[in-house]
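In this document, chain identifiers A, B, C, D, E and F correspond to the written order of the chains, with residue numbering beginning at 1 in each.
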Amino acid sequence: MLTQEIINESVLRALQEDAPTGDITSETLIPESATATARLHAREAGVFSGGQVFAAAFKLVDPSVHIEVLVEDGARMQAGQLLAEVSGSARSVLRAERIGLNFAQRMSGIATLTAAYVDAIAGTNARILDTRKTTPGLRVFERAAVVAGGGVNHRFSLSDAVLAKDNHLAVLTAGGKDLATELQRVRTLVGPDIKIEVEVDRVNQIEPVLAGGVDIIMLDNFTLEELREGVALVAGRAIVEASGNVRLDTVRAIAETGVDVISVGALTHSARALDLGLDISLEVTA
Amino acid sequence: MLTQEIINESVLRALQEDAPTGDITSETLIPESATATARLHAREAGVFSGGQVFAAAFKLVDPSVHIEVLVEDGARMQAGQLLAEVSGSARSVLRAERIGLNFAQRMSGIATLTAAYVDAIAGTNARILDTRKTTPGLRVFERAAVVAGGGVNHRFSLSDAVLAKDNHLAVLTAGGKDLATELQRVRTLVGPDIKIEVEVDRVNQIEPVLAGGVDIIMLDNFTLEELREGVALVAGRAIVEASGNVRLDTVRAIAETGVDVISVGALTHSARALDLGLDISLEVTA
Amino acid sequence: MLTQEIINESVLRALQEDAPTGDITSETLIPESATATARLHAREAGVFSGGQVFAAAFKLVDPSVHIEVLVEDGARMQAGQLLAEVSGSARSVLRAERIGLNFAQRMSGIATLTAAYVDAIAGTNARILDTRKTTPGLRVFERAAVVAGGGVNHRFSLSDAVLAKDNHLAVLTAGGKDLATELQRVRTLVGPDIKIEVEVDRVNQIEPVLAGGVDIIMLDNFTLEELREGVALVAGRAIVEASGNVRLDTVRAIAETGVDVISVGALTHSARALDLGLDISLEVTA
Amino acid sequence: MLTQEIINESVLRALQEDAPTGDITSETLIPESATATARLHAREAGVFSGGQVFAAAFKLVDPSVHIEVLVEDGARMQAGQLLAEVSGSARSVLRAERIGLNFAQRMSGIATLTAAYVDAIAGTNARILDTRKTTPGLRVFERAAVVAGGGVNHRFSLSDAVLAKDNHLAVLTAGGKDLATELQRVRTLVGPDIKIEVEVDRVNQIEPVLAGGVDIIMLDNFTLEELREGVALVAGRAIVEASGNVRLDTVRAIAETGVDVISVGALTHSARALDLGLDISLEVTA
Amino acid sequence: MLTQEIINESVLRALQEDAPTGDITSETLIPESATATARLHAREAGVFSGGQVFAAAFKLVDPSVHIEVLVEDGARMQAGQLLAEVSGSARSVLRAERIGLNFAQRMSGIATLTAAYVDAIAGTNARILDTRKTTPGLRVFERAAVVAGGGVNHRFSLSDAVLAKDNHLAVLTAGGKDLATELQRVRTLVGPDIKIEVEVDRVNQIEPVLAGGVDIIMLDNFTLEELREGVALVAGRAIVEASGNVRLDTVRAIAETGVDVISVGALTHSARALDLGLDISLEVTA
Amino acid sequence: MLTQEIINESVLRALQEDAPTGDITSETLIPESATATARLHAREAGVFSGGQVFAAAFKLVDPSVHIEVLVEDGARMQAGQLLAEVSGSARSVLRAERIGLNFAQRMSGIATLTAAYVDAIAGTNARILDTRKTTPGLRVFERAAVVAGGGVNHRFSLSDAVLAKDNHLAVLTAGGKDLATELQRVRTLVGPDIKIEVEVDRVNQIEPVLAGGVDIIMLDNFTLEELREGVALVAGRAIVEASGNVRLDTVRAIAETGVDVISVGALTHSARALDLGLDISLEVTA
């Protein structure tokens, strides 16, 4: 999850990237005593995410800046809605503005896209899952945005769970070894906290995989008919994940096949930034 | 620009994020001696970017992996075109795959979108510029992708150039001070390498700003008519930048007004990942 | 698991700690051209662990040092057995010696203690588990040593699995809420890769916890009789972990109750370093 | 010595290791508003060490946690004695608990073992010294624990003092060079703040070494008789260190030979964690 | 410019260098409760720089130390003038003293030397510029000191501006290519914020370079006569920089040739530390 | 001492400072295939230092650059003497040039100044010592330069030795405590490797300090007559250090008083960079 420690580390890094040796415009044009008030608005409807991160940008630049985020992560926003209010040193507000926005717009974009998928399957028992197709360096942020949008998170990294794909299975059964036996052996190699997931491409792979005792079975690029068949075959013996060719116009039909979770790479690799605007007004004391 | 040092630092960070304590799937299922060959293809047409970064993912995991990138950054790709070939330890290839793809898909997405803008203004004298609306932590990568797509880069950060917006100007002329005089004073505060740019919202701001001796003047949210008027007024005394409401369907008309550069935030904040695929085949020696 | 990246990072840190500005003894007394050969022996019987780490100490000081580790991690050693041979620059060998030993002795100590527990339960179906009672900063190394000794690893960190203890349960059922219902609600909050474990102190807590659908149930400080009763009650519906008062003289009886895993804090918090010795001989060329 | 800066750096590193992306149990089960009080007790008698480090774990997680350490480093503890009280956010207390304990138990274990050695030589003029056989990354902490137990510290690292062992001496006198002359030459190579120590294995090495003007002479693996002879020979011309085969049952006899300092590797490489317990009670406000 | 973030990072690094494991003198001799007051004086006349850095040294060691800097960066100091007052924990003041002084003396030395150059050209239109000949790791500090002394800064780094020297020009025109055409081509490769400077060694290189449209032309090692000729030739079409053989006794004549800026490597590579003294008095409470 | 690890860390940091996102001049003007040869010359006489650091700058930019340093650290150089030869990629050579020079010029400046002091006392038994008045972040480099110039190093940091000054002594004897007794008590608080030095301002402080058993006594700001008196009083019971008002024209007389070591702050705080020049010639292949 998104801890303050991670937020601070990444936001500081971004602030540093955005002004390694300071903001020469403000330092040259704006008196140190000038103050600013700023209001963050949604310029389009969507789901908000990144409030804590947005706030951190200002607080890390200058702890004396006052900031109030008015909307919870995961809240639906109307176009024009006021989201946060900021006040403090003008130089500080201008220094943090772009970084705060870059995070909040990106996270809100992901939350909004996730919510569209979640809405599309409303009333089914399925849940929307993210993938490892995240922006390098920002995985924790993007996963938090998926949760804000109503999705749940897949394994965080390669270190967290076993996920065997076709290539792994080919290796596992090389030389005619029995898949179920091999999967049971894998189980003894990992501790009790590790889940084992196997990806299958065809219905007839399901039974041998289940015989190996897996926790999750991923049905990859299955047709709707095959998904239904798969769900019936699994019959609750493992969590069923659908994957591949998931789009907003196909996701509901997929959910209705009875799968438990549906993973969607586009949530993180192709969301566009949501349009949030920060209106700043400066005041110079005489 | 994108140096090997920056690439290594960011790719290592991403690799670490993706497998902090190793890939338990490979370590459990794939023998250490297994090898893999992999081919990177374009699954859709576009402009390639990120070849050096893609290669670094594999080289940083395992210097003994052999990788050949067949396409230069900035090259046009056809759907299905072979882009790179990788061979080496199966565990290493599987470990680096997702990170290499995450970078290359994102950078190629930005290059492709940039190229669409550049193509749209072909034959005019204008150039397409990026903005500071980049992914936190990845600015250098995204700027390189913009260049691969045929664009040029705006200031890298707040530390590089003076860019005075409406708020700054209001402060500068508070108490009835003369704008041109104040801008000339700013010139004496910064060294000879620093460019000064001013953003204006109305045509009648142009002349006072030019009187201050700026290097670049940004015409923000001007109509086409106003842009033409602005270009005529400036008459070569500064570089003219158009900004605001730039879309693929409006950019050519903007370019035809005679502006020098057109900045487009969407290049980096809303590009979607291009679909590149890595097909891997493993070999286990008896 | 123990990756080369983690090894290098931690060993470099230890080398830096051990000689922040170089080894003044060698730099003052040993000519740069002197060479050394060194042999690592076991001075007592046990289970070896840390070969890759021991080698890294020398390689990181000086890549031209030649080192051959003759024994696999997890191998049983006799007192006096030759474990590794090192040759190269005398200054380099002396610089790396202590750090290589500090890691290998500590890891072999843990592996040896783990193996004692594993041996003690030989023939039962139970497995020996580590805990989070590890040396700050060395968790990955100590977990690898547990595996070398024949144990398996518990969750790596607080971020990997839900483990609800008495305090958590008290909060969860505050105000008279139903435990099973609450646990089922927790399941919907986490993704499909996250295991849920609950610790219970009394037999009559087991059924309500199982009704909540947990993956692992920890029977904490149960008597042998209670453990047997607990195993019978769970009846395969969850993995059963025994915890508390586990010593070398009690562990077999615990294993024979039928529990699946037994967690032992002492493996990492109270193992003593195994006695390994490095005999070095220097040669100065005329 | 143990500075706040070093404490914070290492404790943060350990906290990060223990929950890289947060504590999913607390975040899922414990309301943000829940509070906790906790009491640290000694579960066995010993010497306390690590109070400042224990406190830092809580303060670094959440500066609003209140913590009072009731016992000074170096104090003797009775079994059952209350050592510290903690109160604050329940999530924060649970997040820091294990890390605070891991440090304090380890440091108190070392302090307790050191005190046993110090007690064993009470009434002699000798002092107990640590060695470089410390846990990688934790040397400063372990040295502080030795001091808490009544010992004193040897050189911190290879960069601090010259310590010539048999191999170094062999090199120094290769080709028939005179040892005393060579040692005097070494003296001119190092600044006035650097102490020079030489390890000898036989009584007849003592005189030539003293002729070279060393500050400390280490008598390695000497019998008691040889130690007495050595002390007499040195006659105050250098500090005399005894080393090798030092155990709790031999240390007093060694001290009574008249040596100045006795170095004991076991203090840090083989201390077991002392049993300290933290009893936590949570409160959820309605 | 010098941001608080950069100051903190570099001062912490220096504090760490100066006492990696604490100040054993203070920790051994000074009671924790002792307090100190200290006064920073100028021991010679000059220009002050580094006040914020001096203060940071104390604040980073111990936020409870009170410090008041009485003089602005850039102010002229008389010998004996009081510059700052410090009070707080004696251990903290003694720990920070040397680092605070090392920075302030060095920065004031550079500011004082810069001011000497600036004074020497008073009344001309030229400005004094620094170079990249700075102390490794301290460039931002040294540039701030140059500004405090009345100078202005050249490009911060190789990444900020194009500066083509003789070797670059030779490459650019290899094979008989036209210099002006090549420089115009370079202009299209860089974004609008990048300045292009060219160094010339002879008067007859000026016209071709100007034809290429450069922003700054550096006249390197020109005689006074050549400088005058160069200024006349350029005639305001570019900024004119004089470089080479600039000393305190030659700089005014150079400035009087009409050049715009004069770069002086000695400002940073050969300034001596200014003599500032910190008088500390300790108080021990009974 | 100066290890390769420290060199690499600091040189990389400096390279990063000098071109955070690459060298836009070279990347724009110099073909990737162009090569360069470069020769480092002394432009004035002096003592060379920094050869290994100079080489590292090129090797870290590009391991394929060939570099041969022809002169040992500590060697006397004539004006015009060839010091090193470099060849390789033109872009790489230009990228590393300034950083290599910044280090080598600074270190050679310190070595040259140190040698002047050492030469001035030739024939006496005294040695020249450095102080903690070093450039923040570069202490190890500057100490190595002092050694290259024939000096020896004082304690590296506050963590290495006890150095009690007037303020410390005042605290130590507050309430009428006996100085010698207190110093003997300090001796029991520190380990056997720690030297104790005391600074005195008057001759009559010497005897009480010696009675406390110190290793080094610093005679601060003593007249020549007082120094002679002090040396006679100490009579070999401690190392005698002279400090204060040490200049090139006073140092010999100080040395002739019989003191053992003379510390000179100016060695590091006020050395000017020595003039070394790198002549580069580029070659572009057709």
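By our rule, a contact is a pair of C-beta atoms (placed from the backbone, for glycine too) under 8 Å apart; a residue touches a chain by one contact, two chains touch by 3 or more.
Quick caveat: nothing in here was measured; it's all calculated off a predicted structure.
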Joint neighbours of chain C and chain A, given as chain labels: B, D
Count of contact steps on the shortest path from chain A to chain D: 1
Target chain F, source chain A, minimum contact steps: 2
Copies chain D and chain E touch via same or different residues, half shared test: different
Furthest chain, CA centroid comparison against chain B: D
Approximate Å spacing (C-alpha centroids) for the pair chain B, chain E: 32
Rounded Å distance, chain C centre to chain E centre (Cα mean): 52
Intercentroid distance (Cα basis), chain F paired with chain B, Å: 45
Intercentroid distance (Cα basis), chain F paired with chain E, Å: 23
Chain F residues counted as touching two or more neighbouring chains: 1, 19-22, 24, 156, 159-161, 189-190, 194
Pairwise chain contacts under the document criterion: A-B, A-C, A-D, A-E, B-C, B-E, B-F, C-D, C-F, D-E, D-F, E-F
Chain A partner contacts - residues on chain D that touch it in the complex: 16, 19, 21-22, 24, 27
Contact footprint of chain A on chain B as seen in their complex: 10-11, 13-14, 17-26, 28-31, 34, 36, 90, 94-95, 98-99, 101-103, 105-106, 109, 132-139, 157-164, 167-168, 170-172, 174-175, 186, 189-190, 194, 266, 269-270, 272-273, 280-282, 284, 286
Residue ranges of chain E touching chain A (in the complex, touch as defined): 1-3, 5-6, 140, 156
Touching residues on chain D, where the partner in the complex is chain F: 1, 127, 129, 152-156, 159-161, 188-195, 197, 215-216, 239, 241, 260-261
